[in-house]
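Both of the next two complexes hold chain A, though its partner changes from chain B to chain C.
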Partner chain A sequence: MFVYYLKLALRSLRRNVVLTVLMIAAIGVGIGASMTTVTIFRAMDADPVPEKSGQLFAPQIDNYGPTNKKVVAGDEEQLQDQITYTDAVNLMNAHAATRQAAMYVTALPVTPPNRDLQPFQAHTRATYKDFFQMFQVPFLYGGPWSASDDTDRASVVIISRGLNDRVFGGANSVGRTLNLDNHEYRVVGVLDRWRPLPRFYDLTTSKYGEGEELYIPFSRAIEAHMESWESSNCAGDVGAPGWDGYLHSECVWLQFWVELPTPADAARYRVFLNNYAAEQERSGRFHWPPRTRLRNVKEWLVHWHAVSDEVRILVLVAFSFLFVCLLNAMGLMLAKIMNRAGDIGVRRALGANRATIFGQCLMEAGVVGLAGGLLGLALTALGLAGVRLIVSESTARLTHLSLSDIAIALGLAVCATTLAGLYPTWRAAHVQPAWQLKAQ
Partner chain B sequence: MLKMTHLSKAYRTEVVETYALRDFSINVREGEFVAVTGPSGSGKTTFLTIAGLLEEFTGGEYLLDGADVRGLNDNQRSKLRNEKIGFIFQAFNLIPDLNVYDNIEVPLRYRGLAAGERKRRIQDSLQRVGLSARMRHYPAELSGGQQQRVAIARALAGSPRLLLADEPTGNLDTQMARGVMELLEELHRDGATIVMVTHDPELAVRAQREVHIVDGQVVDLAAPSRRVSGVSAQL
Partner chain C sequence: MELGIILKSLRRNKIGAVVIAVQIAVTLAILCNALFIIQQRLAASHRPSGVDEANIFMLKNQWVGDAKDLPARLRTDLEALRGLAGVVDAYATNSVPLSNGGDSEGLGRDPDQVEATVLTAVYYGDEHALTTLGVKLIAGRNFQSDEIVDRDGYNQHIPPSAVIITRSLAEKLFPHESPIGKPVYISFDKHAVPVVGVIDTLQVPWGGGGGWGSRFFYNSILMPYRWSVPYTNYVIRTKPGQLAALMKTVPKTLTALNRDRVLVKLQSLSAARVDSYKDDHGLAVILGTVCVALLLVTGFGIVGLTSYWVAQRRRQIGIRRALGASRQAIVRYFQTENLLIAACGTALGIALAIAANLWMVSSFEMQRLNPVYAFVGALAVLGLGQLAVLWPALRAASIPPALATRGV
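Now for the complex of A and B:
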């Protein structure tokens, strides 16, 4: 009967083309609007490291004190989002987590070995070797530098695939040297494509931006006085002049992440973090009781408002619009079905029971939903193309339709239209055949 | 085949109760051809829709092929209607977006017959009404008489025990009406039980028996086999 119902549904839709087109258009427009916003929302709200998001944590330590609170709406604790160099070094040296990495972004001038290429500036992340394993960064060639490279301030570099293509023509460049800021660095690894969205490990500049092109040991960057290219916040105390003064100031400018595989590990680290802050109080650095926080990736993204409230409101508005479109489609479907009450009466007279009529009309609603979903997908693609024209480049990269988005759009269209079709279908199933036949 | 005893049908609103049928009794035996006549609004069509299980009745008893139909649910009524009853309507009631073949197939689909069996029955019934060549035509491409023949073929395809015809020639000109009546008479001769509602006395006399309804009650049971030849000649 499924094929028979499908055949009847297609015939019925051809019978009144104008009504059919209106129904499909109503659903298509609703689906297009809602899917455009949902696609953006889903990309912004995605878990960037689904396998480890519950194991990666960003510690926060209050080094400003209660009189210097950073005012952040919705954050009662008002702790700083980055940490000081002093705290970063102390936490790294404590080795209290399975893996840990302090990090910051700087920029280095690159002089390509191929003299045909002009020197250029590349964003560089200074970090520790654990960064790569902790965040499951994929390598095309080579791998992370060693622990001794971290301690020895080694001149080693890991480059992005894009930079490898640009400078080394895509060849395996491991072992080759690269001139960075007039200093030779040995390439130890080439990253494969890696772009977690949102860029959870460093949300200070761009939540959805590209990763860096170069990665060098943190110790090497500090030794070379490479300044941070990101925000640096100081609570009054900007430290003594010069690089050492800055390093020992209370300015917060470093991101810090730890890997804690189990909830027990996380609980232990919380205690450790609190003890550390208490120790800082005892030593006279802090003049207030310990205030610390440990957030995992998801909590960190919520804390940073990775998905803006405007996007959430937009999704609500779009779904309200879809609801209105579905109401319209329901009205049109009702009109179409009531227009066919005579035929339904004949079918009932010929032996169709209510369930049969219900199934037949529901199939028609499903077909309309599918057609509306396909139109909606086309409109979503158009909508996303429109969004790309008006938003920043980094946000624009989010606006692509994945296979799951396509499945969601079609599923949503069919389910929503079928739901909207329930009332007209129920009315069709309860057509009184005797009245219809008497009326004729 | 069809037996109604003291049957009544009332339409109720908050303020008024109107009886379409009252104390209505009729017994149609197997193989009979009965004409049901009466003025407009007398209850003829209501009788037919109740007989065809398209409408519930208020009181009394209705036995169809010996089975009491009171209290049957929608599924049971639909199944009975599909298997035992064939309808022929005044307005033909063919589904416009289905061709002749597909129109006749509708009740067979609902019965769940296999494709081969459906095809055989459709071909047989179309042959019987003389429209085998019009199998792929749509209703709009047929004359009124041909459409009514298709409707009869649709009713016959299910091999019903009872044929219910509501003014089957009401929308046809004389020539076409004659053809349809001859077809019904032929079906009757082949053993079909037919109940035909008509307000036309000239058609009624061609039935074996005439039941006259006034104000929802049977007022006259006319004797069979009267006036047949005379009216036939007029048609």
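Now for the complex of A and C:
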């Protein structure tokens, strides 16, 4: 029966090529436009650490106080998005979570072993050893540094695969030394390709940017007075002059992440965080009751507007466009089916019941939908290639079609077209055979 | 009257008419909002920066190793740069317009105020900054060399001995008076800092149409610091036509002076502008493409459905022709019918467009829709309807009156 209906559908579609082409083109263009934006939207909205996004949390602590209005990068609750050095050290020392890491970004000059080459700059993340296990960072060679490296301010470094290729020709460089800003570091690990999108753990500058090329212990970076290359907000109080003054100021400039495997752990950590802020109030550092917050990865991404307004607008526009295309296809299908009311009347007179006619017409809509979907897929690929050409490099990273995007495109096309075909099909099924036969 | 007949026949074709009207409505809603967004983004990308973009380039310099003589090194570099043939002037700074990275501070006129009066971008520079940028001093004076201080980090506390502000800042801080000689207070610091000069236009470092910097786009302040840190930005202004050549020689000159450095982000300000607004342009192109596709789809949809109506009414059209209706009358019939449907669609579309815009105003940083766009969009879809209906209508007009006499 399926094959027979399919044959009927194809024959009917061939009878009015112009209308068929118009319908397929309308659906194809609609699917192409909506899938182009949906692909980008899905990439922005993606879960960068699917297995652990519910277990990783970023704590926030109000260290500015309710009266201070100079919050620039904070939210409506005026909670800062980053934390101070004082709080980072205290939270690290408390060990209240399963894993925890404070971090910030700096840039270091790399002097290649071959001294004839000019030094180059590498983006560097200063952090703790837990960073790597917490975020499930894949290693090509070696592994994270040890806890004692963290406390001893050890000159160890973990390098990205790209930098390993560039400096060591892709060889296992664990144990070799790397000159960073005129200081020798021992390579303890080489990362495999790792590029979480969005770069959830640090959204302060580029949400979809490249990751870092070097990772060094936080304690070592602080000892060497490496300044943050990202935002630092000071709310007026910039502390005493010099590096030490800066460290003890109320400037917020560090990201902080904790791993809390169970909801009970998270609840405990919330209490701990609040107690910590209360303790800061008792000790006289804060002059206001504790205000803290703990957000997991998903909440953090929403808070940071990982999906840009522009893309939201585009998705809205694209789906309205798809709606117009479907209405269009529906109108054309109606025209096409009503043109064939005579045929349908004859078929009904010969014994086909309403359900049969309904099924046959719906099959036609499905075939149009599938063809439109395939055209739409081609147009999506073309659309994404076009978008890649005209947007910035970091946005262009979001324009890759995944298998699930392809499935969504085809599914959407068939379902939407069949849905749009329901009314014309229903009209076809209600053709009065007697009336049609009489008219002929 | 013809209108009565049209309405009567439309009633028999309700769904078809509704399909076209809704298509036109949604098309109009998308069209005018899209055009409005395109215009806003393009206008944003053409905001003047206030500096001589065509002849300026920048590069970042990072010293290798923990150098102790940074101010001296900086001075040597700057002297060498200023001495190059073709260079108008050069200086070192924390931030450059259109580079998308910089600092902001709150400014006020009262040392005890809790909330800053205005937010401003902060640029460091010596007495060469104004000539290098090519900004126009409209009141007061430039920095003097004895006001310039070497600053070796953000946390070094030297209150500036003078500042130069933009006209936009002057108007906000000193609405009805001359700011020259009057004190301002920077981010709750109790030091009174005198304003010594006012410049015409200087944008904040951040570009991008929907970006944060757009909220205080022309609020900029210059502080008399030489940015003597391990990483600094050099800004170089060249004589017209020499930019490309100097962008090649400058890195060589600097490396020849001292090899222990990394030079990155060598970029002309015109290239920085393109980068800054790339996503805005991308958005405009995408929306523009969607608009064109939308008009095509809606247009062809009208052609298809009207053709069907014509086919359906061949006999009736034949009868009308036989009874004396002219070809023009038949064409006019379909045009009036389309106008009627399109007008309903347009009314609905304008309502939808305003609703969509209000939603975007409340959810995103978006301005109210300018009514001109609704008007232009309405004209566009009405015109599209008339254009699309023309071909089927002409086909209808060519139906011979003899058809009426023939049996079906």
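For this structure, a couple of remarks:
Assume the second predicted complex is superposed on the first by the 426 of 440 C-alpha atoms of A that agree within 3 Å, B and C clash if a C-alpha of one lies under 4 Å from a C-alpha of the other, contacts with A are read in each partner's own complex, and residues count from 1 in each chain.
One rule holds in what follows: a contact is a pair of C-beta atoms (placed from the backbone, for glycine too) under 8 Å apart; a residue touches a chain by one contact, two chains touch by 3 or more.
Since the model is a prediction, treat every value here as computed from it, not as a measurement.
By the document's definition of touching, of the two partners only chain B reaches A:348; chain C does not.
Chain A has more of its residues touched by C than by the other of chain B and chain C.
Residue contacts after overlaying the shared chain place A:227 against chain C, while chain B stays out of touching range. Touch criterion met: A:111 reaches chain C, while chain B stays clear of it. Contacts of A:245 after superposition on the shared chain: chain C is touched, whereas chain B is not. By the touch criterion stated above, A:11 is placed in contact with chain B alone, chain C being left untouched. Once the two complexes are laid over each other on the shared chain, residue contacts for A:287 go to neither chain B nor chain C. Once the two complexes are laid over each other on the shared chain, residue contacts for A:193 go to neither chain B nor chain C.
Of the two partner chains placed by the overlay, only chain B lies in contact with A:433; chain C stays clear of it. Looking at the shared chain after the overlay, A:30 reaches chain C, while chain B stays out of its contact range.
Note: no residue of chain A belongs to the chain B contact set and to the chain C contact set alike, using the contact criterion stated above.
Residue ranges on chain A touching chain C, taken from their complex, read 19, 22, 25-26, 29-30, 33, 67-70, 72, 107, 109, 111, 118-121, 181-182, 224, 227, 232, 234, 236-239, 241-243, 245-246, 249, 309-310, 312-314, 316-318, 320-321, 323-325, 327-328, 330-332, 334-336, 338-339, 386-387, 390-392, 395, 423, 439. Chain C contributes residues 15-16, 19-20, 22-23, 26-27, 29-30, 33-34, 37, 62-66, 104, 106, 114-116, 119, 153-157, 187-189, 210, 229, 231, 255, 259-262, 264, 275, 278-279, 281-283, 285-287, 289-290, 293-294, 296-298, 300-301, 304-305, 307-308, 311-312, 356, 360, 363-365, 408 to its touches with chain A in the complex. Within the complex, the chain A residues that touch chain B are 1, 4, 11-12, 14-15, 342-343, 345-356, 432-434, 437-438, 440.
Of all residues in chain B, only 45-46, 49, 52, 54-55, 74-75, 78-79, 81-83, 87, 89-91, 93, 95-98, 106-107, 109-111, 154, 158, 166 touch chain A in the complex they form.
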